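Below are two complexes that have subunit A in common, paired first with subunit B and then with subunit C.
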Partner chain A sequence: MVELPVVEILTGLSLGSRLFLVALGLSLIFGVLGVLNFAHGALYMVGAYVTISVVQSVVGNFWVAAVLAGVGVGLVGVAMEVGFIRRIYERDQLDQLILTFAFVLIISDLTRIVWGSQSYTLDPPASLNNTVQIAGASFLTYRLFVIVAGIVAMAAFWYVLQRTFVGSLIRATSSDRQMSQLLGTNVSRLYTGVFALGSVIAGIGGALAAPLQAVTPGVGDQVIISAFVVVVIGGLGSFTGAFIGAMAIGLIQSFGTMWVRGADLFLPFVAMIIVLIFRPEGLFGEEGQ
Partner chain B sequence: MKAAGASGVVGLTGLAGCIGGGGGGGPITFGSIHLLSGFASVYGESAKLGYQMAKEEINDDGGIDGREIGDIIYRDSEASPDTAVQHARNLVESEGVDLMIGLDSSGVALQVSPIMEQLQKPFMITHAATPFVTNMGDGDRAKGNKYVFRDGVNLAQNLYGAAKTAQKTNATSWTTIGPNYAFGTQTWEYFKAYTQAMDLGYEYMENATAYPSLGASDYTAHINKVIDAEPDGVVTSLWGGDLITFLKQAKNTDFFNVVDELLMTVGAATDVLRPMGADMPTNLWAGTRYWFLSPDSDANNTFRKNFLEANPGRPPSYNAQNAYTGLYLYKQAIESAGSTEPDAVIDALEGLEMSAPVGDLRINPDSHQAELPAVWGKTAHSDEWDVAVLDPVERIPAPAGTLRDLLSGSGWPAGV
Partner chain C sequence: MGESFIESLARPSEWTSTHLAGLVGLLLVVAPFAIGSYQTYLLTDALILGLFATGFNVLYGYTGLLSFGHAMFFAGAGYTLAVFMTDGVSALGLGAIFGGATPLVALAIAVVVGVLVAVILAVPVGFLSVRLEEIYFAMITLSFSMAVYTIILQDYGGVTNGSDGITVILSEADLFGIGVPLLSRTVYYFLVLAIVAPSMYLLWRIVRSPFGTVLTAIRENPERAAAIGIDVRRQRWASFVISAAFSGLAGAIYIPLHNVVAPGIAHWSFSAEPVIMTVLGGPYSFAGPILGAFVFRYLRWFVTQYPFFQAHWQLVFGTLVLVVLLFFKQGVAGALKYGRRYVEARSMGEPEGEP
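And now, the complex of A and B:
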């Protein structure tokens, strides 16, 4: 059974990559704005639904749909930030949680009014809707693409944050908001931009998930919990942490499931508890904050 | 829907008519608890369509004993036993509903059932399938009581059909993939209990059993686990969106190359088949609590036609049928009792017979479970319908006595 680990590893990476695409925006928004956005999963869900509607419309193209999902959810994010969230940056984190939780309920109900309660399904784009043989096992090409997408997203973020001017503004503001403001950064606009970017990623994450599963009104619920676990393990606000955390959780779920019942649900929490005990700031805690 | 009331209770219709004519009273109200939000809210939505249709038909036809069906007050269980218990209390104590109906999840039903004994109101369960709530014996697995009824096929009836279906195949080594809660594990236990009692000589691959969490987005790791064990057959109790996600993901692995027979205990649910459309894999075994094309009876053909007229492109699901039939059962019971008083309704429900769309059913007076056949078939493409259909489809008789005999000694109640 030499081939077994390869299957497990690829499965784990694909689970991890799916998680990372949710955790990334969550971590970005927390890292820069200090807001734990509970509604991130709901935004992800909207991305999935928009993708399905666009693919089923005259457009009919998955890639166009994914871009539109990102843009559409990004606009929702702008409305949320400008209309509501920016008013409570100075407030207690509990207030922020309550506000973003209200958005979970509002967005979920609006989604149900628009798309109804039924499940939707979507095929992967035709060019990736086939299987390849790796180590004697069949893999959906699209699933491998999602692994690559996660890695590319990580690389792109690292580049933007470490190597561009906007990136340095984001890092500066994230470490000291007042100083950054005094030095002439338009913090308000930067925050809107970061919240929008986080939302865009949520929308695209939902778009990329849509071909892999049933899209139902609960799509965002479970994913947001897993994403929180990932972000806590990696360190709130750390992208490297979110990436490593997501991949670790994916691999833990993939291997754990082989031996322990319920591993997909409880092992990530066990990992989170261990990290919280021995390294409360998360594996890469200081980096982003 | 004349046929539904047609078989009637032995000649009591005339008597009920007399009482109804004289009495009257205000509208009859119902409290209904379903999954109305989250990943499985389509099940609650389907149930609502069933209630609505029955209510309109009954009210257009003169109501129940001359009384209209008034409000059906819906509450969202949120798949949480505690929430559902609160709703049940509130509906009975504050809203003052006459009768209760609904419930989608076994976990919820197990908690609500004992509460109904305190609240002293009849509850017609339409979907939750655990046999425990129609088992009035003693012990942990007896959660039934005189107030709780069920008009849908329960897990023990459905799994008897699964065992009879498995018997037709050449598969000898079996495992399961199901949601990680009572419904998933009980499905496997009942499958084993029946097939052992039937002496089928199966190997049960316990190490390969896979229980992903309810509503999970990715089952690939669990699918790998099953593939790795190479069983001949797999029985799955995954339902709703979970079943869709599983099938989508299994199709793109070696699952169907390795596994010869997949038995989906609630796979022939139109709420699953509609979104799957032409993607639904064919030639798989699928069970259901109600199949919209079977039986070929007046009651079913009329129901299907009317339902499709009201809800174009949406063949009635088992949840819609069970909700619809539940209201008609109450109608028949109230008319024969001449009142909505709980004890009178309970007496009338016990032993009640009805020609429902799902078939001729009888409420077993000992368990309060509807005696119904298990419906199983093979998924097939259809030119006529937008959904995959069952072809062939078989109605497997599941007599209470047979089920109890087979399960005796296993410790698992038949709840029939």
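And now, the complex of A and C:
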């Protein structure tokens, strides 16, 4: 019997889970608003920084910090949408992409002003800071928690979108904005809400990632590129796609390091190019989107 | 033309692009003698970035395709030049053939080879990329360039020297007994000017040609362009390769100025620089990107005088791009055009013209 590379699989899945939390909001915002938010990685980074600051402050509790990170980043998202992005829905997609790119520059530099350029690390919350034995390998419990959190987020999203009234409003507006507006949806408020929701998830994603990686001003730039790879492979606007894509990229990165030096960095881009050439709508995207 | 060129100069409101180009050219030739060494370096840098942005804009402003991967051509040519200058010259035995002129000849060959490499890269990448549009085009060019970036960073085969990069120091050329110190900022400035000026003219001719009109038609409405018989994909491909060639040329002449090539110029954040310059300058005017490049470079220099902004220049540019994008879609070039019309309208005593 071949021994399963359990450690690589679990490492890949926990990486995938973190990517998924960024990709989920990115895909949601694109699916509904039609805006590819370049600044989504920057929002994730702000979430990680806020978490670290709150844990190091008098509050000192990781879970409180994660909630505050979600709320704080959500507010940043509302400010971005209401103050700026809303003004250019009528313009072409490229203008919107460049506008959100301007936010990458602005948010990255603002975090550098607030938190400096040094690298921060954070211990996982005490209750999960131990190891479990899985198939003979020891594994950080917190990593398992992050994997579960990704799956729970996926399930919750599926439920909200498919089974609730708000979910059907979101789906209706996503497929036909004008019709939805004529039927009485407050599209403008819905857009703000969706952008805020996507930002909240990015903030929480950053919070959950903070104990697993060094937090530096470069984190946002790194994660947004990986998230682009994920949503393009999965299909822009598709949640199943974002989930499968995130897990696939997580596994590619975790196994790639074993194969050839640099393959973990190189292979995701090759996968993205191949998908764009043969199936530009993504593996789970709808035709003609 | 019943009057002389000199006479027509007296009335600024009737100046044509030829007058302006001549005046700018004259200023550029005189400039290095009037400004210091550092300012000459700055001007050289701005010219090179201007060529990069103008090359980029053939694809963006004229064809309507936003590439987030032009760093791959800039870096591809830059690395080729560096490898050629460090290893190629001795391997090919150029020193024995060209004697004292070797440094200059080697530089010329390296620039040509660099552009060739950019074109060789652009032909397949462009072929595959122009099948997509809008966001998807931006994404595929981004992933191609990041693949190139990781290859450069990993230093496969020991060619690119990983994150340290390659140092390129030009030496003095001896042309029939006259020493030409290529490392001198003034000398290198004129070399760059001698490359950038004809390149800009060539680009201007390209976008004013029937081919350029076809590109604009594709930008405005690809379906309609296809309906009147334009092979949209083929023309976009041609535009892609031309754009990449000039970006590569800019990358090749950029390296000797900075004396080093490092992986940073292949990263996607470097691909964003021509985007910023073009948005600032205005994508729908030929002069826009070069104006944007000058604004970009000189503002970056200007903010170095204020330590806070020097450390946070990204904040400055992010805010500028935001403001320009929201309120001045035509960028600096558009503002100048509007200002000129306003002045003309005022001087003729007529009501303000349509912007």
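The definition used in the following text is that the second predicted complex is superposed on the first by the 282 of 289 C-alpha atoms of A that agree within 3 Å, B and C clash if a C-alpha of one lies under 4 Å from a C-alpha of the other, contacts with A are read in each partner's own complex, and residues count from 1 in each chain.
Keep this in mind: a residue touches a chain if its C-beta (ideal position, glycine included) is under 8 Å from a C-beta of that chain, and two chains touch if they have at least 3 such contacts.
If you're wondering where the values come from, they're calculated on a predicted model, not measured in any experiment.
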{"item": "Combined model on subunit A where subunit B meets subunit C, clash or fit", "value": "clash"}
{"item": "Partner chain in contact with A:236 - subunit B first, subunit C second, else both or neither", "value": "second"}
{"item": "Which of subunit B and subunit C A:79 touches, first, second, both or neither", "value": "neither"}
{"item": "Which superposed partner A:88 touches (first subunit B, second subunit C, both, neither)", "value": "second"}
{"item": "Which of subunit B and subunit C A:262 touches, first, second, both or neither", "value": "both"}
{"item": "First, second, both or neither for A:270, with subunit B first and subunit C second", "value": "second"}
{"item": "Contacts of A:118 with subunit B and subunit C, given as first, second, both or neither", "value": "first"}
{"item": "First, second, both or neither for A:101, with subunit B first and subunit C second", "value": "second"}
{"item": "Contacts of A:183 with subunit B and subunit C, given as first, second, both or neither", "value": "neither"}
{"item": "First, second, both or neither for A:222, with subunit B first and subunit C second", "value": "first"}
{"item": "Subunit C region in steric overlap with subunit B, selected from 27-35, 99-107 or 261-269", "value": "261-269"}
{"item": "Shared contact residues on subunit A - subunit B and subunit C", "value": "108, 112, 221, 261-262, 265"}
{"item": "Interface residues, subunit C side, partner subunit A - complex", "value": "66, 128, 131-132, 134-136, 138-140, 142-144, 146-147, 150-151, 153-154, 156, 268-269, 272, 275, 279, 311-312, 314-315, 317-319, 321-322, 325-326"}
{"item": "Subunit C-touching residues of subunit A, taken from the complex the two chains share", "value": "36, 84, 87-88, 92-95, 97-99, 101-106, 108-110, 112-113, 221, 225, 228-229, 232, 236, 261-262, 265-266, 269-270, 272-273, 276-277, 280"}
{"item": "Subunit B residues touching subunit A - in the complex, by the definition given at the top", "value": "37-42, 44-45, 180, 209-213, 215-218, 220-222, 224-225, 227-228, 240-242, 244-245, 248-249, 252-254, 257, 271-272, 274-277, 279"}
{"item": "Residues on subunit A engaged by subunit B in the complex (per definition of touch)", "value": "4, 7-8, 11-12, 14-15, 18, 108, 112, 116-121, 123, 131, 137-140, 143, 209, 212-219, 221-223, 253-254, 256-258, 261-262, 264-265"}
